[in-house]
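By written order: A, B and C. Residues from 1 in each chain.
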């Protein structure tokens, strides 16, 4: 529970047509908001809902505010303002401090005073848990790993040996950081020999890592995730990958070994990036595309194909396999046309 | 161990050419069955095996029964009959009751009497575990989560705070239900600000969720999985997705935020569904297809391309990139042909 | 810390231009190696670095050794030699023996003497842990599962009931072996009935399984992973799949039920294999390809499409949907040309 005044301060917004002392009990979408609730307009699509919403006030842009009469919390970037306002209503992560009686913490680890180590956690020898860290139930922190200040591991997270996390890192359940990279050498009999994975993983500040995402340790040097990178669920990052600051990767992305992704990149869901290539800053790849070569210019790239009714797709797919034949038949016609002087 | 008579009752079938008192010790495929075993014919492909099987009896359809002499358990839907019969031979999930001595259960949780909370489980404050629930080793049940009656969490499952499961839900190891959605607002400096995820996840009755599948909580409203939905392994369901009753999704499917899937849909392995779209009931999408727009008619849809030898594929792929050129060259020839009156 | 002499012995190599007594403190890439370090040249791409490296010695092939003056550890297969040499510098997995005080081990399990069962592990009744096995923190071993000698489960691994692992198997965090297959029968009302999954999983010797990879148990017979198979992270293997010895699968591969993959196959990242098909030995599938039919000849196969700038791709994609029209228009022109006798 808070007031519109406090919301305006937190959101960097100003009030129009409403009173700073008005109490707000929660946030809700325009079509669902009851009196007492704050709502928001971040997409034109929902503009018509402004007329009918029962929300006490709505976060919106100066342009939208100009053309409507709703009591408004006006912000240059309503999405950012909403994110800040909504944080006032989010449950506090974990206010407990100390080590749960069922956790096992090595006497040779280093745990700052104001941290929380949850039930059934394991903290191995040499690990460092910095100030303000909250580790939820069932997490494993390997030997000599470092969890930077004010980071939070929600539950069942595995941090392998010597992995280093920056500050304010947030990791969701089931994520695995620092598993061995997939390094194999083929012997003369066609058998795979394991190449020891001697590097580690270095995670910057304010990185968020989704549920069941995996990040492998480097073969010799470190896998690096720079500051502010946001990774969704079920992402696979291979050894020695480097992801530049403030890039965001949607669910199910897979990045092969030693690929280098620039800063401020956005990868759509299910995108695949081949190994040993480089993508410059500010590149956006749409969903389910495949990148097999370096990208040297910023921009939007795609290779995903959208569905057709199956009967039609089967025909397209069959024709596709005869594409070379089309080229040859077309060229033959062109040649004939040019030779005869007529067509 | 049971009898053909009991099997017929459970499977809703009748016996032909065999005795209800005959003892059956197990189920096996036609080519492997020994005397004493029950087998089944659910696909025409294996019809020839009827001649040679050593099975004591075979579950099959009236049509197949008519044209063969095998002792038979005859059922209108042999696949369903087999599923029911085989259940008689499945190991009983867990007959233990109580709380394992290594589990940690908050004194502020509500645990029904006839439940089992396995080794190293964690049940947080406010959580409700209803009658008949079996929670296997290493599971985490977050604050105020509700696990509906007779549900089973196999092992290492994470149920985040306030998630609600219906009755008879079955969840396989490593699944994560209720992790934060991937909600981000971009500030003016190109940095991502987390949008608090204040909704939850609502799972219906008789839902099955595969190993390492992840389902994110809603941003404001709930992510909803309706009754009877079946999710295979490694599926990613983003925030505010809605999946209609009795839909089945194969492994590695990814569904982006706020997509709405109808009832009785079937998605093949690796399918990707973009966000903010709607798919009507009874839609089937074949494997590794991508859906980027709403589907308004039931039917089968595809966009996956099957492999060719690499050398041929590289040629097809190169030609594909020149498809626009083909169109232009073809149009030029057509124009010339029409203009000259000859071809 | 070791010597070049020991490295040569372990790697099956000989020294050229350097002294067997020389001390080596670690391994490093050519451009990063300091004096005291061993480096390696396994790819032509880095050949120029030989001139400037500060490494004390470099593992390389006889051909590369012939044309350069660097002190060399010469090996027929430098990649294999490097893998063996680097193993001298890898941290020893776990030298502890016994059962951690926080683990829960059923009195009805069978644990060999020289094993390690880590913190918060669960070993159920009937499970067999053979000699030399190391089980890291938070693992669950189900009833009657068998963990073969000298295998290692890194952390948070789930081995379900009756799964059998061979010797020297290595499993990374979050992997789930033996979860129920996705077996469903559709009843007359369009509801899914679970088909009990009564088979198990059989894993051969020297198999490596990546983080968060899932392998389902068979419906009636076993899912089989033969000796020496290497599975990367986030792979999904459905019920009754059979993978031949020494095949290697990159991250995010998905294999549908009852598919049979040959020996010495290589599947690139994100590849999808449909069910009930067979792939012969020595087949290689490039990244993000889809296999929908059996492959009967060894070789390299593909169906992945690489990105183009979005604007161009949209045009290609639109043209692709009109491919059938092109064929018809082209055929019409050809017909006209043949009829008129001119073109």
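The criterion applied here is as follows: a contact is a pair of C-beta atoms (placed from the backbone, for glycine too) under 8 Å apart; a residue touches a chain by one contact, two chains touch by 3 or more.
These are the chains along with the protein names UniProt gives them: A, B, C = UDP-3-O-acylglucosamine N-acyltransferase.
Note that the structure is predicted; figures quoted are calculated from it, not measured.
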Category of the chain touch graph - line, ring, star, complete, other: complete
Chain C against chain A, contact positions shared by both copies (same if over half, else different): different
Rigid-body rotation angle, chain C and chain B, from Cα fit (steps of 5°): 120
Whole-Å gap between the CA centroids of chain A and chain C: 25
Chain A, residues touching no fewer than two other chains: 102, 120, 138, 156, 174, 212, 234, 252, 270, 305-306, 308, 320, 323, 326, 330, 333, 337, 342-343
Residues of chain A touching chain C in the complex: 102, 104, 120, 122, 124, 138, 140, 142, 156, 158, 160-161, 174, 176, 179-180, 182-188, 190-196, 198, 212, 214, 216, 220-221, 234, 236, 238, 252, 254, 256, 270, 272, 274, 285-286, 289-293, 295, 299-303, 305-306, 308, 315-316, 319-320, 322-323, 326, 329-330, 333, 336-337, 340, 342-343
Residues of chain C touching chain A in the complex: 27-29, 32, 76-77, 79-80, 82-84, 86-87, 89-91, 100-102, 118-120, 136-138, 154-156, 170, 172-174, 208, 210-212, 228, 230, 232-234, 246, 248, 250-252, 264, 269-270, 287-288, 304-311, 313-314, 317, 320-321, 323-324, 326-327, 330, 333-334, 337, 342-343
